[in-house]
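To keep things simple, chains are lettered A, B, C, D and E as they appear, and every chain counts its residues starting from 1.
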């Protein structure tokens, strides 16, 4: 307040603050510059390595949708027929996703328990199981699917195995994060009565983590539907296979392509909406659920 | 303890029994439901037929090929010329006058030593395969057929012989004889010519020799021969890896930049107009619902093959995902901070800049980085469709179904790349969100 | 008008990497001849190249006959055929070959009744278009599932068809071959020959069950809107490639051949008609 | 200078402020008291134009405030700083930046977006922090400070606006008695030294009595008392708080002295 | 019957239990006291084999316990029930299931996972709950019960094991005095009526005095007292608790009577 009080302490503070500000500005400036440079140069590089440039191509973006839609519109009478025709393929795609999510969740549950401190069956092997999950997560589905297509032949099973494999890793990681927040007290309580590891996990941990598990599995199901559609594109059956055949034949089958687009889009949107509804119920509705129980 | 408690115990017991009956039912019904579904899927996927036709042999071949390679010794039965090449490829061909050291050439006679004492001999007019423990097979290929003679006894199943073609597959190697050609495959372990091709002066040198040559001023040439190795094309592979990461980077961050302003328009607390909000939400649903796969197809027509197309496909899908996630985060912002800024007379843009951005940055950033990581993987797949990046190389190498060692090379690289991105984004997430820079 | 770069599309059938490599010399020559940067693209399937030509992002490609027909039908003004590869005997045709596994007891199309049949890529001439027209003529039935064949599927490409038949995933399939040389070698060139050379199949295990009429080799096409002098330069370069650099020609033509000789749109009218009939 | 006439605010059918009229002729320190829901916050928020009035008018130095919009409204907000119960700072930014937010209205949008403030502003911000005794925390993040310190940062931000009026909405409600005293003293000092008008919502009688020149009592949206602290009898307080006979002034107190007193009071009867 | 010899547990360089030796010849109710960190919990956890001993031995009915592994170890755990301060029940499961967990070791894994407990077990569980006076809560989820009730469920689980020894690690530390009394009385009754050995860690002297036949005092991992409650003088207690002269027994008390006393004591001087 007084003049003398004002002069002294703030000199240091000022210098300190200015120094900090400079440093911060420098850091954020550098960070920003690096980011902008990366974006810009990345864009330009990608542009130059692409067959068609971004700017030349921009006005043609609607060419393809236009030819698909105009043909679909011309043959709109056949659309319902096509939708019925491709429905079994869609069911196959959903089956692939569902089965692989089931297996993935099962495997993920076991691996995550083995990889969580405090729950692990063999605590010393925790890093091993973690690495296993990392690797399973890192391998793109398409790699496994193509290898399996070679060994097993085309069809839904290679896709299913490939997606399940990846799902084990992905869910395993998420599940083990959930496990880490689970209380160890019930587990210890069960240990003290002489329960074995399986009993401890199923009776002591599962009731705590089940809602979160379910919520993550639902998201994964959604992702897996997309993945199985994509794998169909490289020869693993389902709606992706039909889509690829229709699209690559081109004009003349664009009406089929449009029907498949519609099916796929509706499915993805429907599953997305359902899963977010159920996840809401699981995470926010839990309190209500408890009171009812 | 008390009499009254004792009295109501029986009813409690039956109640408890009931509870357990219900729990058991549930405990059985759920797995049973799953099992029934799996059984349905088992037949829907036609697994029995699949198991019947699964080719373990293919699996073995694949596995063996990932760590071994074969050298072809091919004799043109018309001209009598003998050629040596690795994997039968032109670029793996031994230069004129040279041959592997397990072959000896003397005029018209070529002797090929295979492991386990097997030996194949090409003569001017016939071929001999000396198989210890079985006997000597001779064949005289000509216009009338292969004319093979085998030791007496039943024909083993590893010999596949017809009038015009004989194929003998043993653990030591493989011999095929047709009217036109005689060919021996000799398998060796390793990734052939991984560092230098046969025409490079550095082929076959030991590491020590290479290092000393490099020190002697040949480093540039050595690097060139390795980097542009025509068998493995390391330079192209590196580019492809880079392109894949680039697609993920441009796509993810481009989407984040696009989605941020749009998310404000879809957030309840920033856009009171229901119509606008709903319009943007549906737009996000559309972008997300039309999968990256479909975007890729649509965009390929406009932009052609290449990384830009892949990046844009990721960008569009993720704009949808980010739009949704971001607007959810924005709906959860703390109004107090915004009001504090507003009370000073700040302009709307300033309110967003200081009232909103600092609080949402950490959340958004961690979401973006998470997507970046998983998009590295998706970019591999998208590349396989748009024709860019390591994904294309990988799928093409797999589909043409030779060169599994290249496939395994790519797989290893892809896994390492995803791993690296995974750790990098994790590191960045920790740094940026904990660090002081977050508020800026 | 001027061009700033020239983009060549190369079809599948080989590793993307191998394709780049076999055509690298062509890129160099083109760069030299045109004086602009030249880029090579190796999309994942036939459709990738066709979309590029239609969208104007690819200037030159060597298409299959059916692929050319597709491009023409979608946009007659997009590309023009200029050259075709000629075989060593001067012809420019090849065959679609139907084949099956010997041990499955299939020796002819009749034996395929009720069995699973595999096409390759929908845009392939020999892998789909021609057999899908000529086989029904023989069988007197459509290619619909259950009509003559029990099931008809697309395997995705020639290589996949061969492996699928060899594995027994499908009972019979079609692929391409030049029809010259011996069956046991997998003919002189074609997808079967590549598979045999790679050690993927043993021709003793396979039988030929059908052979198409000769199919015209696909054309090398140039985008119509390219400046005339660019077109002329490219035609000259391609036509003279064999004399100029034998090795390069071998890579670009994917095997031994006589050379590239001029061809016009008329040569593909029948293919276009065939394709149109399938629409 | 400040004239509030028949100011009314309705939320749906609920009237939060009901025809409030206040006249202030010279800068004063005014305390507004009343129980929860009486309409104190709403009144202040209307003054700062965070909330629009349903009817009535506010005039400051013969300028109509209620009707201002856009840039003019923001300029008024800059002249009329507001301090909140929950501080309403940006927790992830450093203290000086938070104080500098007080200048947002004056500076161009673009420069502020990149955190580019003139050096003299930064010096002044540090001076103000110094005056409030928290200069040494200048480089820290706001969230790293205690509640009392954060509230002083909020006051510093208000001072940075160089406002004609400072509005404080229950500035000490989330603070412990010790910090509450520091903050109230700071506000009083600002009033005395700078001659700024300070209007503070307070939920305790004794704080209002101790620091304010004038006390306004609100009940259910209406102004039921307006006078000097001396005129505020216990009966009047009962009327304002709508309390019955058991109302004890100390029960609402946060003063340290009062606490001591009540502790003793509680202890003695035991 | 129970013989603990030179039992030692080291965590890194920290010795939690230091060469403890205890002999018990017939089922008794034993209280272990000592201040926080004295090693009481560690000792009990070693007895139940939740923790492996660093050295020393435990023999029960001439059977070596420290070396058991796998199924044998779990069988021992089934014989030696443990009750925890935090109850360690499965909160989201119903009370009967929690009690039935006491039979896990006896039943096959699969049958327990599918809730296939025999009906007589279910009946017995209800009987035990009835005996502890909480039968009517049987169908509720464990988390819906109060602390005292949850601890009685934990005791019921222990009884369900039909154990030879019941270990209780500060069973009443998280309970209010009223519930603490109910729980301690339940434990005493089990000891008296069923003749089971009960070893309880207690952090208050008077509880140990009141309910136990024998008291063991631990300090810094070593056993410094072992005798009847009568032998436990205030000096001895000071030694165990390492307290200075100001040590007052009531300060550690949770007994209702004691509380009343201390409340009065505190009130008077004021």
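Just so it is clear, a residue touches a chain if its C-beta (ideal position, glycine included) is under 8 Å from a C-beta of that chain, and two chains touch if they have at least 3 such contacts.
Chain identities (UniProt): A, B = Phosphonate ABC transporter, permease protein PhnE; D, E = Phosphonate ABC transporter ATP-binding protein.
Since the model is a prediction, treat every value here as computed from it, not as a measurement.
Central chain by Cα centroid: A, whose mean Cα position is closest to the mean of all protein Cα atoms. Put simply, the chain farthest from chain E by mean CA position is C. Taking the mean of C-alpha positions as each chain's centre, the chain lying farthest from the centre of chain D is C. Inter-chain contacts peak for the pair A-B, counting C-beta pairs in contact. Measuring from the averaged C-alpha position of chain D to that of chain E gives a distance of 57 Å. Each chain gets one centre point, the mean of its Cα atoms, and the points for chain C and chain E are 82 Å apart. One inter-chain figure worth recording: chain A and chain B are separated by 17 Å, centre to centre, where each centre is the mean of the chain's CA atoms. Under the contact definition stated at the top, the residues of chain B that touch 2 or more other chains are 53, 55, 58, 300-306, 384-385, 395, 399, 401, 436, 440. For chain C, the set of residues that touch two or more other chains comprises 7, 9, 41, 51-52, 55, 57-58, 156, 160, 163, 167-169. Residues of chain E in contact with at least two other chains: 113.
Against chain B, in their complex, chain E makes its touches with residues 94, 96-97, 113-117, 119, 122-123, 125-127, 130-133, 135-136, 138-139. Those residues of chain B that touch chain D in the shared complex are 336-337, 339-347, 349-350, 353-355, 358-359, 361-362, 436, 438-440.
Partner chain B is touched in their complex by these residues of chain C: 7, 9, 12-17, 20-21, 41-44, 48, 51-52, 54-55, 57-58, 156-157, 159-160, 163, 167-169, 181-185, 197-200, 202-205, 250. Residues of chain B touching chain C in their complex: 53, 55, 58, 70, 88, 90-91, 160-162, 164-165, 167, 174, 176, 178-181, 185, 230, 233, 236-237, 300-306, 384-387, 392-393, 395-397, 399-403, 406.
Residues 1, 5-6, 9-10, 13-14, 16-18, 20-21, 25 of chain A are the ones touching chain D in the complex.
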